[in-house]
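Note that subunit A is present in both complexes that follow, paired respectively with subunit B and with subunit C.
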Partner chain A sequence: MLFFRELKKVVFSVAFAIFAVALVAMPVSQDVLDFSDRKIEQPQPGQDYGVQNKEAPEVIMPAALDTLARAFCQNSYVTYPIGFYKNVKLDSAKQREMADILSALTGLSAEELLALNGQDGQGYAIGTDDGLSVQQDGGFSVTMPSDAQAGAQAGRISLKESVDYAFFKDCMERADRLVGGGSDYAPEKLARFGVVPLTYEEAAAQYERTKQTDHFTGAYARLFSDYLLVGVLSVLPVFLSVALCLRDKRARMNGLLYTRRASSARLIFTRYAAVLTAVMLPTILLFYLSNLSVWGLYPGEALDYLAPLKYALGWGLPSVMISSAVGMFFTELTDTPIAVAIQGLWWFVDINLGLTEMQGGYSLFRLSPRHNSLRHTQNFIDGFGSLAANRILFAALALLLVAATVLVYEQKRRGRLDGYGKCKRFFAGLAHRKEQSAA
Partner chain B sequence: MENANASLQVWPIAKSNLRHNFAPHFLLALVLLLLTPVLFGVANLDRTASAVPLEVFVSLTGIILLTPVFQPEQNPEIEEVVQAQFVSSVPVYLIRIACSLAALTLLIGGFAAFMRSSGCAVDMGLVWGTVSNAVFLGGLGMAAAAATCNTAVSYMVPMVYYALNFAGGGKLGVFYLFSMMSGSGSAKGWLFGVGAALIAVSVLVKWLARKYR
Partner chain C sequence: MNQTSIVMEHVEKSYGRKQALQDISLTIEQGMFGLLGRNGAGKTTLMKMLATLLRKNAGQIRVCGVPIEDTKEIRRITGYLPQEFSMYPSMRVGEAMQYLGVLSGLNGKERAERTRRLLAKVNLTEQQHKKVRALSGGMKRRLGIAQALLGDPKVLIVDEPTAGLDPEERIRFRNLLCEVAQERIVLLSTHIVGDIEATCENVAILNEGRLLYNGTVSALTGEASGKVFTRAVDKRELPRLKKELCITSMHTQGGKTQIRCLSEVPVSGAQLCEPTIEDAYMLRLYRSGAQVDGLGGEQ
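Showing the complex of A and B:
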């Protein structure tokens, strides 16, 4: 049977052996294959429950202003446009605009603020009275004011009393646009400045949501999905497809295959199904292996034993589908491994953009949806609609690409398409003409 | 006279390589470099921040330029013609490798000069570290290509290694690709040395494979 022949070709290939090693190495390196030491404990009164980011204007406004004012003084704005550090320096016109924004928030004139440029904020105490400031990673640091700073309290940069949160957000959005986007001043990221302690009630509610919605095992399967998608499933299946499609060319089997009675649609969809099966079977096995490690941690609780299967198919499969489809389409179209570069670049940009959504981000075009936590079930519940839309979109796009591959393959069979060959001959012909005219 | 003839062979081989094999890969490497300032900030960076685009992105030129050195022979028709030739294929491989290494150094050096002109604290240490990364990743790709004669696998091996650096970088010791980003980078000699050794071994494997076929 055609399907099993194609499956055998995939499974007994070097590319699959490397894929299998990476599939196991990824969860082992991230310590998510065995969760037995990571029990989700029920919170007890009087404990420390950690901190959370909250839309708390009274915390966000001074902390965000503190960071922006310091960046303004040094003309050094930190942004993460694709997840990586970018240090933006503004020209004088844009610094002037930034001074206007700060002026609207602080009541100081733009000229007074511009005079601070290049002074590292020295001479002005910026931020809260107690010297407590929030760092980028959400931690706190305490700064003891120097004599010079203490003497300059009159000129300190602080919020005007009349500033309300809506106006503040509007100003921060303008600041974000001014530095080119990707900064923590963007409205959707402002909550990062709102680091507040988690109360007992909130911690207990979080635990209940994990218990009622995830039945515990769902939380572990979700975290496992997060790691496996980012490291393996969003990018490596492309290699299996490329290897399978180039294999016929190498073995000079194309001519033979083109003349066979099997339709192009049957051939391509069977091949695609073989790649998906080869990827998903060990993946589901690993999902269960990882999830099994927590089944004994919650005696008497109602666990969801199908959670690993649901997450493997619902969360993981669409990424595998698109990665494999990109591999098949571009390899059949060009007869080159260009799909590796295309998928590799997409994966690279996506994982870096995803760093801004680590605790549950399900943007519509996110190749690898993120949820890098055993907690935050509420984010999952809130974002379930967009997550479902994302996964359906990717699955549909993948099927469209496979259908397009069928069309390309059919044209090649009829001798109307020659992959990259035509381009190569065109360039070689150009070079020859150039040589002849030189002669 | 013989020497003169031999030296004359180098240019036609290099020219043929540039025209039929090298050009698309060089263009792809160029596109990667042109994308770098779009994806990362490359203005007014200190030394550690400058290492980010160089190590994370520019290093990938090694995979693009070195991995396909044996690619023409992966086409069965070309392989048959090569087999029938009396001349050893080793000098051809060496010329191709020299072309790729020269292009690699040129591109990385050019990009580093561009960063420097944009106010970044790029020094020769960063350039050396980036070239070392590129040679190591390219060497991995060449070794995989020589061992398996499989185009997809030859790209897969360095890509998996690259991804592994994101996942568990610290555990890779002197073979960690992104050490300059964390302020270190003293072990780049290891990456360059092993990368060069992998390139040499892959040529040896191809030579042995042809000899004992």
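Showing the complex of A and C:
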């Protein structure tokens, strides 16, 4: 009874109307509500199967060196600390260290390399100009020339023959540290330089994995999860729980509610369940709407009709849980909508960090796990353990936050906590200090 | 252990350095009990403590034999109408009662029955399908009483319920309180003396967190006997008299002003008159050294 009344309060609110619009607008704008024109085709011999990232030292080493050398010549290194783009310019001492690293890899002296500084590599060829190719998934890669081509170019910055992959990785790690971390030279990111074409056998195996593991529908549900989490489910539920909690304060209902017999645990957990239900019911519906569009594409194949439900609950729900729990906890603690800023900031940083692992980002603390592809089922299989740990961690953390909200609410009921008063006094104190220092 | 009264012993409450209640000892028996005092006297603090919304710093409070620390049981036996009563404006009256009934632990049958009975009692049956935002101020207060009675409490705590109501609605509300007080303790806090006079047999006066009086309304009124005077004065005398006397009212008729004042000794040229509870209340404040000069407002 209480649950339905709280659910009604959530659903008939402005916050929910905005949420519902965003929930529908996101998949529509990203063209993932209707997959009927995106059939996963069985590869046939002689086709172009696209490219893949592979730990292939023979590809990674020249490509990474090429990028690092260009950055060195221009003293302009691209990094993504905490997910945001940053252009790093090194001082002369650090450029000298970088020259030493390049020297160890190329055999050129540090002085020769330093002489290239600010010259955009003039006088030396770095890689080739004709290697740019566009991949099937919209990305692009630079392929390196063969040794024969390279050898033909005078003064080219290229790898010494004696450099092995372990030594190379070590040098790249040093380079990454020099530029402050977050660069593609970090050992765990080096594979991004390993862009190689997919062979027929690999493409066929990939197709089989999608067929056997995902039963096709799973792949679509996974891609749908990716978009919905990034755009909606990891951030917008916070608005619903904040609005629900602040509604008591706005209606000056706290005195009435605090003196009722219902326990704080019952009230808070019921409200939490109401927010989750209000978010998940239309979400599951959208998952099925999207997935339905491919059910006719694979006649005779064994499809997984529960895939939308599995992905909505297994992949999506933990993010909804944490977002809603953050909203409830910080709103009850402070009686302000500060939770929106907290969750918004977390979400923003997370999606930027996630940009570097679009085709399989399942790290433990990733708020929105990434898998922005219909393919790469193997990445999903490989990362499943990590993904499961991530989702369990977030669900558990969310329940802990809700339990903490119960404690906070109970303290407020007993007059032991006045978060709003404390915030007000804190900011008044700050303003007073500012005025004093200005005077 | 007294099962039908509220007993407070040496209760203290402070907010930081500000002492809101000092050494309050009070026993409140069944029926209407008035708590009178100026704004900021500590009435709301005392009410909130009884409603478990604030903790005391010292002393003992037992409500119908239940220590105030047993919040669960206190909430079961207490109904509370806060000073600023408000409900979700978009909820309908009946729906609001149902919602609060759920939170009061009532089952579906009890909720339906009590909602119907209480709305009838406060004369809101016809408004049960109206949204709360569409109710007048008086109707909202009556809804406040109805919701406070949902759990059939032994104690009803009503904080400044008549402030802002028109005279007709105020009288209706007071009668309603008297009705519900027949079977429970009703603690009425107000700064409107007329409300106490019309409804309560017993009263306590609070001023600056201290208890100034605790007893019957008639005894309080009796204290002012022989100390209330009226006199017609020239308008030019008023500034001087305001400084010398505790004037409780002024009424201008032509060039003369009829004043009503309090004095421990006879006032020359003035006539003794029957005290009201307002006179007695003002006298108590006057005696306590509270700042009461310049009170007279010309009518």
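Going forward, the second predicted complex is superposed on the first by the 393 of 439 C-alpha atoms of A that agree within 3 Å, B and C clash if a C-alpha of one lies under 4 Å from a C-alpha of the other, contacts with A are read in each partner's own complex, and residues count from 1 in each chain.
Note that in this section a residue touches a chain if its C-beta (ideal position, glycine included) is under 8 Å from a C-beta of that chain, and two chains touch if they have at least 3 such contacts.
Model, not experiment: these values are computed from the prediction.
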Message: Between subunit B and subunit C, whom does A:14 touch in the aligned arrangement: first, second, both, or neither?
response: first
- prompt: Which partner does A:314 reach: the first (subunit B), the second (subunit C), both, or neither?
  reply: neither
- request: Examine A:282 and indicate which partner it touches, taking first as subunit B and second as subunit C; both and neither are also allowed.
  value: neither
- request: Give one of first, second, both or neither to describe whether A:107 is in contact with subunit B, with subunit C, with both, or with none.
  value: neither
Task: Answer with first, second, both or neither: which of subunit B and subunit C does A:416 touch in the superposed model?
output: second
Query: Touching A:337, do we find subunit B (first), subunit C (second), both, or neither?
result: first
Touch count on subunit A, higher of subunit B and subunit C: B
Task: Jot down the residues of subunit A that show up as touching in both complexes, subunit B in one and subunit C in the other.
output: 251-252
Message: Help me check something: in the complex, which residues belonging to subunit A touch subunit B?
response: 13-15, 18-19, 22, 25-26, 29-30, 76, 79, 81-82, 84-89, 231, 235-236, 239-240, 242-243, 246, 250-252, 337, 340-341, 344-345, 349, 351, 424, 427-428, 431
- prompt: How about subunit C: which of its residues touch subunit A in the complex?
  reply: 48, 51-55, 71-72, 75-76, 78, 80, 82, 84-90, 98-100, 102-105, 108, 147, 151
- prompt: Hey, which residues of subunit B end up touching subunit A in the complex?
  reply: 19-20, 23, 28, 35, 39-41, 43-45, 49, 52-53, 56, 64, 74, 76, 148-153, 155-157, 159-160, 163-164, 166-168, 171
Contacting residues of subunit A [partner subunit C, same complex]: 1-2, 5, 9, 12, 247, 251-253, 255-263, 267, 413-416
